[in-house]
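One structure follows; several queries about it will come next.
Chains: A, B, C and D, in written order; residue numbering restarts at 1 for each.
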Amino acid sequence: MRAVSNHNKKSIARTSLIRTLLFVAAILLVGAQFDAYNQGQLAVVLILFIGVLSVTLLTGISGQLSLGQGALMAVGGYSTALLMINYKLSLWVAVPLSVISSAIAGLLLGIAAARLRGPYLAGTTLVIALAIPTIANRFMSVFKGDEGLPVDVGYPPQWFSNLFGEPGYEQWQLYVALPFAAIALFFASNILKSRTGRMWRSIRDNETATSLSGVNFSRQKIYVFVISSSFAGLSGALYGLRGLVGPSVYPVSLSLLLLTAAVLGGIRSITGAFIGTVIVVFLPDWIDLVLVNFELSEQVSNYLPALISSLLLILTVVINPAGVAGTRLHKHK
Amino acid sequence: MNTFLAALSSGTSRGAIFALVALGLVIVWRGAGIVNFAQMGQAMFSTYIASTLITNGNSYWIAFFVALISGAVLGALLDILVMRPLSNKKQSELLSSESMRAAVPVIASLGILGVLQALAGIIWAAEERGFPAPAKQEGFTVAGNVLPFTSFDLFVVSIVTVTLIITTLFFTKTGIGLAMRATALNQEVAKLSGIRTNRTRTISWAISGAASSLAGLLITPTSNLSPNSLDLVLIVGFTAAVVGGLDSPAGAVLGGFILGMVISFVTFYSTPEDVFLAILAVLLIVLIIRPRGILGSKDARRV
Amino acid sequence: MKNRASLSRSPRKSIAVISAALVGALALSAMPAQGASTPGVSDTEIVLGMQLPQTGLASPGYNKVDDAMRAYFDYVNSKGGVNGRKITLVAYDDEYKAGKTVTTASRLINKDKVFAMVGSVGTQTHISVIKDINRRGIPDLFVLSGYSGFYTDPKKYPTTFGSLGTYVTEAKILGKYIKENMATKNVGILYQTDDFGRNTVEGLGIAGLTFTAKKNAASFVAGTQGSGLDAQMQQLKDNNVEVVIVGAVASAFASAVASSNKIGYKPQYVVISVGSDATTFQTILGARGIPAASSAGLLAGTISASHAPSPGEADDEFVKAFKKINDEFNKGPATGKAWDNNVLQGMNIGYMMTAALMGAGKNLTRPGIINYIKNNPSKLSSAALAPLGYSATTHEAYTGFWIGKYDATAVLKPIDGTRKMWTTDSAKGPVTELKYTRPAIAADALPKVG
Amino acid sequence: MLKVENLVTRFGSVVALDDVSMTAQESKITTVIGANGAGKSTLLRTISGLEHPAAGSITWKGQSILGKRPEEIVRLGIAHVPEGHAVISELSVEENISMGSLFRRKKYKSDVTAAMDEMYALFPRLKERRKQLAGTLSGGERQMLAISRALVSRPQLLLLDEPSLGLAPLVVEQIIDSVNTLCRTTGLSVLLVEQNANTALGVADHGVLLALGKVVADRPASELKADATLRAAYLGY
């Protein structure tokens, strides 16, 4: 019995690893074709992809709707910035450490949120998303208020440049984000296929049945929050490393952006998370490509990306709730 | 003493408006089982309509009633165009679970909020605007002392009180009010009783739309109008509704005044940076001690 | 058993293969550095980039600046451009969200290949990109922020130059005036809790004015002024504050006056220039049902400072010329092109930028224009009534301000009838009088660099 | 009066009703019996419009009511009392009853008051508890309330789903008696679903036996009651 399940675990891990390596290869190949701007955009895709995965795990898989993932991203970002600035740590040390701190934040949030459901959870996390960034102004001396803490990915080490040539700034952002995104992808696809993933799905599908079958419901819910927060924190740390960690980097709208991406792509699948992230990140650029042909005032063109992504969100929920990746999923089941 | 009075008066008029916002949320929650995060987006939109009418030379009261009506129409439209098709989609896999059935309308309402804000931006927002009050915004003078309570504050408190009384009577004394409560509580039994539930739900959306438009009209004279200007009001209103009990209109009123006072006293006696943390604290305390809210009923559907 | 073993071997092999491919891909994907020609400059065009909040809570007022700048550039282009090159301004909305600023900056740099950044609005947002812009050697000109951290260490940010005086400088000058003229009065402050508000408090502190929270100092979170400032004004009233210094944006000043009006509180206001824009003030109060005549009455007597003429000074030659160009060339929406201080600022930046491009010569390069600006601040005159303060030790724009009082028609007039300029630094230096004669504007309203 | 022909209702891949045909006769009690999971409740839910059939037809007084919404079907005179004392516990007894007559209030104002009084006459215990919340009632009272809610709409056909479920035999008897009296005195047609075949066949005129979604017998109630082999095969006693 145990041997079989061990074997299963191994084969799940192997499939996930292959999937991850293919993902990394694809990103590198595509990234090589891009100009510097799009490499930067691709880096944003990778960074936010991790954040969207946190939504996929929390909402899509375990059925808990949170609008406060941006606040958890801020926890990751501030931890990284403080570690890098005050303790002069390299980002390769600071980022993993800040994942731990966001996991702790997720634990606290999970304990508070374990008894909340649906709109209660959504609203409470929304208030959290709003309240957390104000802490930056409350404790000025540590968090430096609205000006925030400037941090960035810096330059690649010499050995890297010697081996692969000097990358551009955006390209280096991409390279820094890639290993973290790969690790996140590996973990996420492992979790989804494992027993834990099945258990979380059953939490979502039938809370009463799950609690009857002996699963410690609250503990599992908190566990989901911890894992999801770690993803959000990692994403937030990398997002801050694009130049600044501050309240204006993690606004409430960032939480909504993650949710939009997760829903558009397909809230139950990792592929969907990635597709959704690509859509929300590149949408303004695509709209611009079309708009070039029209004489539109700034007032119109500035609001178009928000208008279109919101419309897409509504249409997705009403017409095709399973999202872009959903069709595939339906066949699967 | 003056500070205390000022805080009390500001808390009262603010609280009245938060109560109205919370009431709008409660009505849709009871009528359709949805927390409508787009509500203040609808209010913002109809307040812009009123503002445009006034700018074009119409009287305040024409604009006032047009805004209330357009708030109701917008609410009804959103239900018919988005929420009703959504609730007819229950067969789909995404909506198969209880928790997702509650989450998906929230996502849809956030989408609606985004659309309304973008549209308002495209149509109106080159500049932040103000919005007139129908009564003087100068404090009453008592014994040579100017009190921080204005004719407009009095107007706000009285119109909100009247609205709350009318709403309560509507729900408890009229057939359609009963139909709405029945639909909210048990759709299947309501349908089997011959209640056209789709229609009662749309009416809930319309009433809530009018109530929140009223809140928008009452709050913008003391603040400014822009596509995002009512976002915070929604969050405070939501907190008020949860504190009072999401399924209780009386609770909404109580919650509104509690939030009004908390915000007012924190601003007056502590620093304004603490306001959001105070809101969060109130919310968490209530949810931990009494998750169904102060006046929420025992088997409130906490889905 | 055997079967299982082979099953597990094949993925292992594929993992190895893919890993090897990855290293190859990484090597392939590294691209050579860009070519040496100056980006954004061709024989016929100069492309400039700008980022500002055009939508969202921070946008009101500032969203007019780019249209005004573009209007001036269009005017220059209609006169043949600079050295035969037309000026194109690409402006992106960053919604005042720093995460977005990084993206728009990268887009301006890599996609639009701008020659320089000009007139970018905002403090928090600019902090997120200033290091990268400087590292790339891109000129970061006439930044529309009074945050001293951008300018006072030119070694750190050699390509960044401001277009405002710093908040500290202005606060020091106003602080000295208050100290000397209102010594007997009870002085308090209303400020927003960001760099702007805090720099104001810092400057006033250097001038010897200190405040106590909950007594004569009231604050609010920037962006929340929309919900009224009742509590803050009540507090100042209860503490018998007679002079209220306002370190906040214009919409907040309007809110403060509305709240004071409510409780019959009529202190003397002293407002940092950013917050005293008469148009914004009157627009906001006007829409609240306060007619222009009454709101002008509320504004009358308010003391403020400026480095430029007031937009209401209709007989100022720069104001006259800029207004004409604005009427003719501004393609912004009707409310966006309405003449006010934001439009004046935008025009002025356009004017200075044109001068800098002219001065840098036909062979336009990035180091070239930076050197020109650094070495010739005196040649970059504009509507400003003070000279540019660029030097080896600072890149702050204006260290000179004049102090004025609003009259009954909402125009800021020199406080004692004659305009006197004061100057100081962003540190502990003294406030002294400044003698400066602004070079006249040419008949064609184009800058002349000799 | 009500005619069901070749009805098929599916839940995903599970076929709940498989080619069911039956009729409910005017002013008669027709009972549908069968073991748990035989599809009895699904049959009623499909008739009242709560479930959508995959195939077949439902005719009411010569007209097809297929695809109509439940709230419309009530208006045509078919009232459904679903399984499990379906009342709204957060509303008062009075509100629960008047809920069933809301749609008639405009046209038949005086009749609505009369109908309410009739209900209180039929179940006097409800009158005593008029102002109480339905949630505070006993199981039997709740079942009475559910039936009143349905009857107050003045239906011609009453669909009654397992009224005996979880109730004491004495209470069951009282409820069934009331329904029986109503049928015999007012000409109300009743379609009664019961697991407790003995009680049902005792009052019914006609019986339909369902097993695994199929009709296995459709005969007068007395015949069904007498057929020991059928009972042994499908009902287990």
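Methods note: contacts are C-beta pairs under 8 Å (C-beta built on N, C-alpha and C of every residue); 3 or more make two chains touch, one makes a residue touch a chain.
Remember, it's a predicted structure, so these values are computed and weren't measured experimentally.
Trainee: State which chains count as neighbours of chain A and simultaneously of chain B.
Mentor: Both-contact set = C.
Trainee: State the chain with the largest centre-to-centre distance from chain B, centres being mean CA positions.
Mentor: D
Trainee: Give the chain pair, either B-C or A-C, that is connected by more C-beta contacts.
Mentor: A-C
Trainee: From the C-alpha centre of chain A to that of chain C, how far is it in Å?
Mentor: Between these chains, centre-to-centre, one finds 34 Å.
Trainee: Roughly how many whole angstrom separate the Cα centroids of chain C and chain D?
Mentor: From the centre of chain C to the centre of chain D is 75 Å.
Trainee: Taking the mean of the C-alpha atoms as each chain's centre, how many Å separate chain B from chain C?
Mentor: Those two chain centres are 37 Å apart.
Trainee: What whole-number Å value describes the gap between the mean CA coordinates of chain A and chain D?
Mentor: Distance between chain centres, rounded to whole Å: 53 Å.
Trainee: Name the residues of chain C that each touch 2 or more other chains.
Mentor: 55, 63, 193, 221, 332-333, 336
Trainee: What are the residues of chain A that contact at least two other chains?
Mentor: 134, 137, 299, 302-303
Trainee: Hey, what residues on chain B touch two or more of the other chains?
Mentor: Where chain B meets two or more other chains at a single residue, that happens at 121, 125-126, 232, 271, 273.
Trainee: Once the touch criterion is applied, which pairs of chains come out as touching?
Mentor: Pairs of chains that touch one another: A-B, A-C, B-C, B-D.
Trainee: Which chain D residues qualify as touching chain B in the complex?
Mentor: Contacts found on chain D: 48-50, 69-71, 74-75, 79-82, 86-91, 95, 98-100, 102-105, 149-150, 153.
Trainee: Taking the complex as given, what residues does chain A use to touch chain B?
Mentor: 59, 63-65, 67, 112, 115-120, 122-124, 126-128, 130-131, 134-135, 137-138, 204-207, 252, 256, 259-260, 263, 267-268, 299-300, 302-304, 306-307, 309-311, 313-314, 317-318, 321-322, 326, 329-330, 333
Trainee: Per the contact definition, I'd like the list of chain B residues that touch chain D in the complex.
Mentor: 175, 178-179, 181-182, 185-186, 188-197, 297, 299
Trainee: Would you mind writing out the residues of chain A in touch with chain C in their complex?
Mentor: Residues in contact with chain C: 7, 10-11, 14-15, 17-18, 21-22, 24-25, 28-29, 31-32, 35-37, 40-41, 44, 134, 137, 145-148, 150, 152, 163-171, 239, 242-244, 246-251, 253-254, 297-299, 302-303.
Trainee: Can you list the chain B residues touching chain A in their complex?
Mentor: 29, 34-35, 37, 82, 85-86, 89, 92-100, 102-104, 106-108, 110-115, 117-119, 121-122, 125-126, 231-232, 235, 238-239, 242, 246, 271, 273-274, 276-277, 279-280, 283-284, 287-288, 291, 302-303
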